[in-house]
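Next up, some structures in structure tokens.
Note that chain A is present in both complexes that follow, paired respectively with chain B and with chain C.
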Partner chain A sequence: MSYASLAFAGFVALALVLYYIVPARFRYVILLIFSYVFYVMACNKYVIYIIVTTVSTYFIARLMERSDVSLKAALSKEGIEKEAKKALKKQNKSHKKTLLTFALIFNFGILAVLKYGDFVIANINLVKLNVFHSTSFLGFINPVLPLGISFYTFQSMGYLIDLYYGKYECEKNFLKTALYVSYFPQIIQGPISRFNDLSKTLFSGASFNSLNMKYGLYRIFWGLFKKLVVADRVAVYVTNTIDRYQELRGVYLLIAVFFYSMQIYGDFSGGIDITIGVSQLFGVKVTENFDRPFFSKSVSEYWNRWHMTLGTWFRDYIFYPITVSKSMIDLGKKCRKLLGEALGKRVPIYIAMFTVWFTTGLWHGAQWRYIIWGLLNFVIILISTECEGVFGRINGFLKWEGTFIQRLFRVVRTFLIMSFLRVFDLSSAGISQALFVIRKSLTDISLPALDMMTELGLDEKELKAAVIGIVIMFVFDLIQRRGSVTDRLMRAPLMVRWSLTAALVIAVVIFGSYGPGYDSRAFIYLQF
Partner chain B sequence: MKILKPIAAAAITLICLFVLNRVFTPKYIKENTDGRITGEFYTQAKDPDVVFLGASTVHYCVSPDYMWKTSGFTSYDRSNASQTMWQSYYMLKDTLSVTRPSLVVLDVSFVRNGEEFIEEPSSRKAIDGMRDPLAKLGAAMSSKGEDEQVISYFLPVLRFHSRWKELDRDDWVYAFKRIDVTHDGYLMDFSIAKEQHIYENTQPPLPAFPEKSADYLNRIIRECADKGIPLFLMRTPSFQTGWYDEYDEMMDDLGEKEGLAYVNFTKKVEEIGIDVRRDYIDDGQHMNVVGAHKFSEYLGGYLRDNYELPFHDNDAVSDVWNRKLSVYESAVEAGMADYESALEALDIKEEGDI
Partner chain C sequence: MKDRIIEMLEAIHPGIDYETTGSLIDDRILDSFDVVSLVGDLMDEFDVEIGADLMVPENFNSVDDIVALIEGLEG
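This part shows the complex of A and B:
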């Protein structure tokens, strides 16, 4: 069930009615029931995977909590010596670490087998063939990937890691843990919420609030606008163009490259808007996942503003633990001696960054092109960090530091870099296709012909609708810089507010790219 | 003030939806005119004595206005392209929600077609114009394909929104302005088939009618019986393949069991005076105006003789229908030149010349 479907709207409406009918203390149960109904409708018997993750998360969390409680009890005994206390703490830490390690291996193991099993097998077979000239290949698993497995696994494991570090107390109610793992508005595409952020409103059973309804609905329709009017419209062109990438002129590929950036932004951030809006209807506050990323002035800033919850997950649970690990600290010391203070202390950071970007690539898909894509991001950030001095000197020479022109240049440059990097994401045929598309789109430039644009799925009117949609999306982002657009809309005079609301809804209903489309010829053939 | 705002918001939303639905739904004025048949029932019919149900053979072969002229009762064709048995059932329900005819006539040709025959454009034409919400809901639920949403039958803009690119003046003008394109459901056609082939059946007949069609045929029979409305089962004169003597026997058996008359008028073409070469616009299924007049006169006579149908001697109804007839005859007169040209062009001189 897509978030942008009437079936989902009906599903949410029914959930809302029941949610506000039952007493506040049972409202989270309604959300849990609907989350599981949603999941079963999407995944059928594969619901077992999310149940397994939920059960393991709950019990490991409780065992870690019990371990802490036992430690507290032991430490509170009178007459216990300092050394014994230290030993008890060490023992507790070790016990919790074992539990956490088990949970991580178990749950990430499931994810690894299901999402990356065939990728590993394919590579082993490739090595066997090319290195050992063996043709006895391993068979593929061909697993069915359960809905949102990456999101719920990362979210639950983040929760356990936080518990391990004692950031907050564990949830004792199994049903609440189950809801945290499976909460339906964010199961498809996140965000990856932290337990302490989400749980405050997820379990509180908020009372009906008309303001929440208004804000939620605005957010949903804005998300639908981005998804249906912009993303799904340009998606037709992008798909058709990439399917014919070898025969088309470079200019059409170049347009596809830019449109793909719009498509993925409209689709992903639009989906997140729907998630946040639907949650707001239930009085649940979900973490923001985008902060106008296309206005970023550097690649690293872009990644701080795009899919923010994934970025902070990698930062908190991969980057920091690696950089502060004993082995990295030792390595840092050695590198400082060998390479000097400045460069030496950056080596462990770069190793951690490499790991993060390798994993980010892998997160996006089990193919080498995604890994390359992730590592290219790493290389660009690495170069920009290492060449900061050079760039500073160039800026000094140009005397434009801090000017609007320089900011604009940096924003456009970042947009171009990110758009071309996305070609790896777009090229399903692999790295060679991505390189071909990038090369051709940069070298084979001419004026695009409207006939060809029409053939590729965007006739003149569709193209205008797409461009206007993109402009509106960016203007909205620009206004958003000075504070919430919805807040401003709420403060606007009644007529303005209603007119803009009606315009938004009508734009989604009329200009949304959904449904079978109307072909009067199909009706002519069926006159009899 | 607190209560006024939501009421005003709801009213504005409803008005917007109403306008959008009206504007975006295809008008079927210049092409696909059969799409107007269901909706024009409400503006044209005014309590017809007889309601004809069935597929396209009905609205090409049965002319209510000509039948008024020759037999003196009023009628309306509530048929559509490829109208299935379940659509005919809900069309009957939709009809009975506003009127109670003296007779229902059902063309049973489509009883042999099951769910595999569902085509979205046909369903749209049959259902979009219905006004009884329950009948419409039933028709939509029983007809919808896998990718279709029932709600789009109530909010057609959800189906036809992509027409924003092709909206023309007619879409705005006739969103709210009445226009009658059909003649009480009848589609007047002056063409003649360029070639005429009467094909033979090559496949064996079905041992039984598809379950769903048989079920809805039964529902039509029950509905008419419950409401005390006589039902006549028929087939228009049709030479299309796919109908067998065995089917006639099955219909005869059903008629006998239910106390209903069934006539396959294909077997009476000589008596009616149908000329296969001149009277059809295609391979012996859909009639042009000349064929339709012959059949309507014959059918009207049959119904007058066998059912208790009202006479409208100089009453208010006859005034209305005489005016309709006048318009109708003008249209026939204007179009007959086309028919004569078609005859000439095809060099058809003798009757029955195939």
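This part shows the complex of A and C:
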């Protein structure tokens, strides 16, 4: 059931009625029931995987809590020496570490086998063939990937890591833990919420609030606009063009490259808007995942504003743990001695960054093109960090530091880099296809013909609708810079408010790109 | 402890008045390379373990913040 479907609207409406009928203290149970109904409808018997993750998360969390309680009791005994206290703390930490390690290996193990098992087997077979000239290949697993497995695994493991650090207390109610893992509005494509953020409103059973309803509905329709008017419309052109990438002139590929950036932004951020909007209807506050990424002035800034919850997950649970690990600290010291302070201190950070970007690539898909895509991001960020001085001197020479022109240049440059990097994401035939598309789109430039655009899925009317949709999307982002657009809309005169609301609803209904049988395309991040 | 921490900071990034500056991270006086180097030195010097959860600007914005961090870990 897609978030952009009438079936989902009906599902949410039914959940809302029941949610507000039952007493506040049971409302989270309604959300849990609907989350599991949603999951079973999507995954059938494969619901077992999310149950296994939930159960293991719950019990490991409780065991870590028990360990902390025992420590507290031991420390509160009178006359205990400072050294003894230190030893007790160390022992507790070690015990919690064992529990956490088990949970991480177990849950990431499930994810690894299901998502990456066949990728590993394919590569082993390739090595066997090319290195050992053996044709006794390993058989593929061909597993069914449960819905949202990357999202709920990352979210649950983030929760356990936070508990290990003692950031907050664990959830003692099993059903609430189950809801945190499976909450249906965010199960398809995130965001990856932190327990201390989401739990504040997820379990509170908010009272009915008309303002929440209004804000939620606006957000949902804005998400539908991005998904149905922009993303699904340009998706037709992008798919058709990439399917015929070898025969088409470069200009059509170039348009597809830019349209794909719009598609993925409209699709993913639109889906997140729907998630946040639906949650708001239930009085649940979900973390924002986008902050107008296409206005970023550098690639690293872009990644601080795109899929933000994934970025902060990698920062907090991979980047920092690597950089401050004992082995990396020791390596850093050795490098500082060997290579000098300036160069040596960079080594641990760059190793951690490499790991993060390798993992980011792998997170997006079990294929080499995703890994290359991730590592290219790493290389660009590394170059921009190392060349900061050179860029500073160039800016000084051009005397444009801080000017609008410089900001515009940097924004356009970032957009171009990110759009071309996305070609690796788009090229399902692999790295050679991606390189071919990039080369041809940059070298085979001519004026596009409307006939060909029509043949590729965008006739004049469709093209106009797509371009206007994209412009509206960007203008909205531009206005958003000065504060919430919905807040402004709420303060606007009644006539303006109603007119804009009607325009948004009509745009979605009339100009939405509805696929065969009025079934919208699956969200791109669904596959992750 | 405070003097020793200032010495470490001087070795990593000299020429800053560490006694008075209270926004070492916010003003980007120390970058992530400096902070990771400092963390390694602090762990060695004071025999403490600085976990990834403590890698937040509030713990490194001033010498007093760093002292408070170490004292918290020692306690």
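Criterion: the second predicted complex is superposed on the first by the 514 of 528 C-alpha atoms of A that agree within 3 Å, B and C clash if a C-alpha of one lies under 4 Å from a C-alpha of the other, contacts with A are read in each partner's own complex, and residues count from 1 in each chain.
Note that in this section contacts are C-beta pairs under 8 Å (C-beta built on N, C-alpha and C of every residue); 3 or more make two chains touch, one makes a residue touch a chain.
Just so it is clear, the model here is predicted, and its values are computed rather than measured.
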| item | value |
| --- | --- |
| Partner chain in contact with A:I329 - chain B first, chain C second, else both or neither | second |
| Touched partner set for A:R194, first chain B, second chain C, both or neither | neither |
| Chain B versus chain C as contact partner of A:K461, first or second or both or neither | first |
| Which superposed partner A:G512 touches (first chain B, second chain C, both, neither) | first |
| Partner contacting more residues of chain A (chain B vs chain C) | B |
| Partner chain(s) touched by A:K226 [first = chain B, second = chain C, both, neither] | neither |
| Partner chain(s) touched by A:K345 [first = chain B, second = chain C, both, neither] | second |
| First (chain B), second (chain C), both or neither touched by A:A502 | first |
| Touching residues on chain B, where the partner in the complex is chain A | 5, 9, 12, 16, 20, 24, 26, 31-32, 34-35, 55-56, 60, 81-82, 119-122, 124-125, 147, 149, 151-152, 157-166, 282, 285-286 |
| Chain B contact footprint on chain A (complex, rising order) | 6-7, 459, 461-462, 494, 498, 502, 505-506, 509-512, 514-518, 520, 522-528 |
| Chain C to chain A touching residues, read off their complex | 11-12, 32-34, 36-37, 39-40, 43-44, 50-53, 55 |
| Touch list for chain A against partner chain C, complex | 162, 165, 167, 316-317, 320-321, 323-324, 329-330, 332-333, 336, 341, 345-346, 348-349 |
